Structure formats: structure tokens, C-alpha cells
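The chains carry the letters A, B, C, D, E and F, assigned in the order they are written, with residues numbered from 1 in each.
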Amino acid sequence: MIYITRRERFNAAHKLSRVDWSEEKNAAIFGKCSNKNWHGHNYELFVTVKGEINPETGFVIDLKELKNIIRQYVTEPLDHRNINLDVPFMQAKMASTEVLAVSIFEQLKMPIEQKGIQLHSVKLCETENNFVEYFGQYQSK
Amino acid sequence: MIYITRRERFNAAHKLSRVDWSEEKNAAIFGKCSNKNWHGHNYELFVTVKGEINPETGFVIDLKELKNIIRQYVTEPLDHRNINLDVPFMQAKMASTEVLAVSIFEQLKMPIEQKGIQLHSVKLCETENNFVEYFGQYQSK
Amino acid sequence: MIYITRRERFNAAHKLSRVDWSEEKNAAIFGKCSNKNWHGHNYELFVTVKGEINPETGFVIDLKELKNIIRQYVTEPLDHRNINLDVPFMQAKMASTEVLAVSIFEQLKMPIEQKGIQLHSVKLCETENNFVEYFGQYQSK
Amino acid sequence: MIYITRRERFNAAHKLSRVDWSEEKNAAIFGKCSNKNWHGHNYELFVTVKGEINPETGFVIDLKELKNIIRQYVTEPLDHRNINLDVPFMQAKMASTEVLAVSIFEQLKMPIEQKGIQLHSVKLCETENNFVEYFGQYQSK
Amino acid sequence: MIYITRRERFNAAHKLSRVDWSEEKNAAIFGKCSNKNWHGHNYELFVTVKGEINPETGFVIDLKELKNIIRQYVTEPLDHRNINLDVPFMQAKMASTEVLAVSIFEQLKMPIEQKGIQLHSVKLCETENNFVEYFGQYQSK
Amino acid sequence: MIYITRRERFNAAHKLSRVDWSEEKNAAIFGKCSNKNWHGHNYELFVTVKGEINPETGFVIDLKELKNIIRQYVTEPLDHRNINLDVPFMQAKMASTEVLAVSIFEQLKMPIEQKGIQLHSVKLCETENNFVEYFGQYQSK
């Protein structure tokens, strides 16, 4: 078993706020992240897959294929978008880094497993100081 | 003459589009940067000042003072904001990295010079692949 | 279970030497790290916590709270200090990266668990070439 | 148990191609990585070992010893070399990042374990966008 | 006048050696960089242009156009290539970082100036420890 | 004229304080940088030289020679030292980044010019947020 990771990036707007809360409560809980006119980030995404090495190619997976899957299912829908408004797989969800990381994992799981390898983890960096890692529902780190 | 630089960061939403252009023309010129629901970035800002070293302290300027000036005049108004909608000094301007860098330079020039030193340049990084440098109207690099 | 990490930084002086050893033995074992007049580092600290996502906020923990805990219990006592002389929780300990990482983990464990989440790991980088990770006494990576 | 990691770097040439395949098939499978005149990378290698802290020194291992082992067994044979042609431990193997990471792990395992500690993992970065991690044959992440 | 910089990357093989020198002399002057079977690097290239801001778009130049010029004239011919053997504009030249930076500047000068802006400088990083900057024949930094 | 830069690093302890000032005045002016038991940093140093390319080698200077000069005159005396107490060329000077950068420039100027090239600048980074650049007494940036 060997682990291989591909980094992709996307730039998106979002805000943290609940429509069922007052502006005051949103500000109290989410601080400046609740600014009603949005703010945004350069997100860095690290997708780790695992599998056996194919002895013919020396590859676990051709990284071009992994890159294409990430772009089709994750970064195309997210890049230069508003996470709250524009992204089908984030509808009716909180646009936190945690929820976004889980949603990205769920977007990627099936297309990656159709290639015969396993999705190990998603690491999503919101700033140089904050990141989230998700390993799927039944896996521990 | 010696040059000292302070890095500060801010996270903001923006878009590139003109209200006097059709959606089609905006998309043709600005591409995905014109997405009507905004996108955003982690901006990195490097402010460079120059002056003589104070022999008593060994400082050109106390960096805490420089940091406070940058925060008051630039990053407080920009951080977790929408550059097009929320930022007084960007009203009625294009929210490009170039225009933002010039505007930040103009915000900083007077308060920095009131400290008895010169503002040399502003470097503004939008992504890891793109940045702008501005040295003021009559200065060459 | 999801993992979220906060980076904080501190700048500190230290040395590696034992008072019960001669200067020669300290130099033989610890090399230039034993310089009697100290040296120092820009330490980078990554604190990883794990828990379930609160469906109301989308958060495992409000990162402002995590940041405040790290600052109160770790970086305030360490930043711009001498690790051997000034830091209560490092008294009578070797000031190695390994021992410091374990001590930081122990400083953080209780206040983080009082928030209802688990401290997963501490990663402490001494230079760009060296770092230590600690997962607590009974956990494996 | 605590984990300590040392980064080392090396610059090497390689190509991905099989002599038992036609140039066309190599190009179809390996793309531009199959260029017959080679290309190259600045590889970053992170070697993680684990063990107990020696109470006398505060060390798991003296990092100078770990650095010397990595240099002798890995970076000396690889640095400024052609991975396909010049490196004894890569003879008759595919020069992929996956195979190279496994081979580096195998090079390091015995000399590190002779120091009384365990080799936990090897992380090998080929570019800022791609890296591989290997934890040995029977270990899971 | 404002300066805007685009970063692009390429991975290439090269060696430093002269065919009119013996292997011994090449080794004495160029050290391990003269290895006859090549070595390689992940090169980072920063191209800086300067001009006035177009008041209609807020741009000095559309960065997509700058990116396309760099890719067509520089990174396509260099990426995943052997600098000594495969690159038309490096024929019969030393493959040093200095000569490569000057050659890249010369490749870019005309196509960039045809866009109505000036090429200010090229910065070429060979490793994290070494880089070269070139400003053209008659410009000083 | 072409510019080539070498990065070197050193880890050192220092403090900002004047013996002719009270502890209170030192604390008021220098804040936590005046901590009497020292603190420290991982300094990053970028030394830029300029000259013509030697057509025989493709080099402005052999970087091994530049590295050796920097190590002999700057990083050997500074690395794992106390800047205030241990470093001959910092005696009786303030240990600020500004003064240290100027002193490093003066240390390097003669040995570099004896190689037939010019020392262009010294850039000294104290943290990821602060750096100083010095171009010599009569040069402007």
C-alpha cells in the first residue's frame, strides 16, 4: 500500500451565516466571516489516494487521471465561484472548511474508486494558518 | 538608506466587471473573474519603507508602528470584505490587483511619511502565480 | 470524525546542555546546540484537534477559541522567551524539540478537552528541515 | 512514541519509459515524462522515524546521525545523478516517484533500525503538486 | 508605471560541461553539475512586465495573454526537456542558470513588446537556494 | 550585467536593549524583544552579486565560491550563536535586523569584490513577516 497526493487550487467567495438567525446572532457566532457581502480565499486542496503499484508502469494511478477527476468534480464547480450560491454540491449546507472538505471527499469517492484505487483523505487549507483533514466516515487517521 | 518590509494578509471577495458592459462583454474580457456572484482570494501584501537607521534604537521604524498603520489604513477596511462593495477607498474603481495596489500605496503614503520615513513600494500577491508592484507615481524600480 | 489544524508561531532562545556534564561532554553530544550563550529559532506549531461537525455552525470548534487556548497556554509563555530559563512548563527539562512538543501537548490537552473535542496531535517545526510530531501517550499515528 | 522528521533534497534526471515498449506506446502511457533525452526535478525527501525519548539527551535520535544515514544511503547516490542510469538501487526499476519512494524506504530501513529506532515513513515530493508517502510493507497510515 | 509578475514552472534536465574540455577539467570546474548522464531541476520562472494601467479594464496586460506568451515561447520548449539537447534557443550555449535567464529574456522580449508593454525582468530559480535576475542589456536594477 | 543570489540560513539568539537605559525604558521601546534572557530566530539571508557572464563557464561566479565566502564571513560566526555576545562584527552594536544587514554587507563586500564581481545587496529575513534589504552606502534600489 502506497499513498500518492495531488494538490489543486481554487479561488472562491463564501460567507458563514444562517438565514434562520438574525444578523446580530450571525455576527456573534461567526464574526467577520459573516460579512453579508462575502469574502474569499485561495483554497489549497490535497487529495490522497492509496493502492498498489502497477508493476508495468510504476504508478498507483496516472496522476493526469487523478488531476482530471479532481478538476471535473471539484475545482471546476468551485473555482472563481461563490460557494454558498453557485456550487451544486454545497446547496443548503454551511460553507465552512469542515463541511466543504467532507463534501469534496464525497464528490471524489466514487469516480476515484471506479479507477480501482481508494480515496484515503482530503486536506483543505483555507489560509496558511488553518486546514481540515477528512478520511471518510469509518477511517481513522 | 535601508529598506524594511512588513508582510500583512487579508482575505476578500471581488469580481472584475463593468456595469456599463453587457454580461457577454464582461465574460469575454474578464473570463471567470467576472462571475456575478463573486470569488475571492487570500491576498498577501508587502509594504516596503526606506530611511536611515536611528543610531539609538537600530531601527528605521518600529515595525509595530508600521504594522498598525497598515492595519488601520489597509487591512482593516479590506479583510473579510467585498472589495467592490465594502471598501471606501475602492469605490467606483476596477477591483483589479493593479488598481488595488495603487490604491493601497495611496492609502499608506501620508501616514507613513508622517513618521519621517518614505514609502518605497507596495507588492500585492493575488495568488502564488501573480503579483503586482507599485513604487509611486514618479519612482522607477 | 474530522481533523482541524491551527498553526501558531513563536520565536525563542534555547540551548541543549546538561549542568551535570562538562562543557566538553556537552559539546561532544550536542555540538553547536550547546553554545553557552544560547541560540534561537522561529518555531512553527501545528495543533490538530478532532471531533464531529456541529450541524448548526458547520464547525468542529470555533478556531478563534482554539487560537486563544494555544496562545494562552503555549505561545504567550514561549514567544520571545528563553525556553530553558523563562518557561514554567519547561523547568528542569531538556529544551529539545521532542521534549518541547510533548510538553506543549500536555499543556493543551485539558483546556482543549474541556471544549468537548479531542487533541489529536502537535507538530513542532524547529527549522525547515526538522520537525517532531506527538500524538499523546497511547495513540499511534 | 514520538515521531521526528528530517528533510533532505536532491536534484536528479529521469524518464519514464519501458525498453520493451515502442516509442509511441511510451508516449501514450507516460506522456511528456517519456522524453527520450530525460527531464529532471528538485526532489524533497521527508524521512520520519519514531521511538522513545532518551531522558538523558531529550532526543529520539541525534538528527546529525539521521542526516548522515540519509546522505550516505540515499542522497549521495541520487543527487546530481540520472535515476535510471546512475543509481545502483534503482537498476532495472521504473523511475516513478512511487517506486523511488519504496526503494528509498528499503535503503534506509536497516541502517536506521541499527540505531535502535524505527523507520516510520518516507515522503517524496516530485513537484509542489505531487508527492508519495510509503510506510513500509505491513504498516497502515 | 506599474509592474506585474507571472510565475510559471518547468522541469528539465541539463548538465554543465564543455565538449572541448576533458572529463577531468569539466569535473574540476563544474563539479557534480558535470555528471555525464545529466541531472535536473524544477525551475521557477518569474516574468515581470511594466506599463500603464488601462483605465477601462484596470489591467496592465491581461495575465492570460502573458501566460500564453510565456508558455509558447519558453515553457513549452523547456518543460520535460533536456536543456542542452532539446531546446532550439539553447543550442551551442552553456546550460547555466545565468545563460538560460538571458535566453528566456530574449525569447520573451519581442512578443511581449508587441502587446504594447515592456518586459522588465526575468527571475529564474534553479533551487530554493539559487536564483538569477536579468533586466536586459541596458537596464540597471 | 546579471544578478545572482545565494540563500543561506542561520539560527541565532539576540535581544534588543541598551545598557544605558533602564529595564522599563527598554521594555517601553523594544517591547518583548528586550526580554533579558534573550529570544531567537531562524534568519534567512539572500546575498545578491552582479557582474558579466564568463563566456567560457556561463557563470557570473561559481556559486560554491560565493557560498564559501558567505559561510566563512557571515554564517559561521553567526550560526548557533548569540548575536549580542558571540559575534565579533556585532560588538557594541544594536542587534536589530537593520544593523545586522548592514554589518553582513560590510563583512561580505571585500571578499566578494576580490573575486572580480560586485556585491549588489543583502536581504535578511527575521520572520516570515519582516525583512530588511541593504544595497550599500551610495546605491539606491
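Note that in this section contacts are C-beta pairs under 8 Å (C-beta built on N, C-alpha and C of every residue); 3 or more make two chains touch, one makes a residue touch a chain.
Every value quoted in this text rests on a predicted model; they were computed, and no experiment measured them.
Visitor: State the smallest step count from subunit E to subunit F, taking one step as a move to a touching chain.
Guide: Step count on the best path from subunit E to subunit F: 1.
Visitor: Any chains in contact with both subunit B and subunit F?
Guide: E
Visitor: Report the chain pair from B-F, D-E or A-B that duplicates the E-F interface, where duplication means over half of the contact pairs agree by residue number.
Guide: B-F
Visitor: Among the chains, which is located farthest from subunit F on the basis of C-alpha centroids?
Guide: Centre of mass proxy via C-alpha means gives A as farthest from subunit F.
Visitor: Compute the rotation angle for the C-alpha superposition of subunit A onto subunit B, expressed as a multiple of 5 degrees.
Guide: C-alpha superposition angle, subunit A on subunit B: 180 degrees.
Visitor: Distance between subunit D and subunit F based on Cα centroids, please, to the nearest Å.
Guide: About 34 Å, centre to centre.
Visitor: In whole angstrom, how far does the Cα centroid of subunit A sit from the Cα centroid of subunit F?
Guide: 42
Visitor: Any chance you could list the residues of subunit A touching two or more other chains?
Guide: Residues 128, 141 of subunit A each touch two or more of the other chains.
Visitor: Return all touching chain pairs.
Guide: A-B, A-C, A-D, B-E, B-F, C-D, C-F, D-E, E-F
Visitor: Using the touch definition from the top, list the residues of subunit C that touch subunit A in their complex.
Guide: Residue list for subunit C touching subunit A: 1-8, 48, 50, 53, 56-60, 62-64, 120, 141.
Visitor: In the complex, go through subunit B and note every residue touching subunit A.
Guide: Within the complex, subunit B touches subunit A at residues 9, 11-14, 32-33, 35, 37-42, 79-82, 85-86, 127-128.
Visitor: Which stretch or stretches of subunit E touch subunit F in the complex?
Guide: 16, 18, 29-31, 93-99, 101-102, 128-135, 140-141
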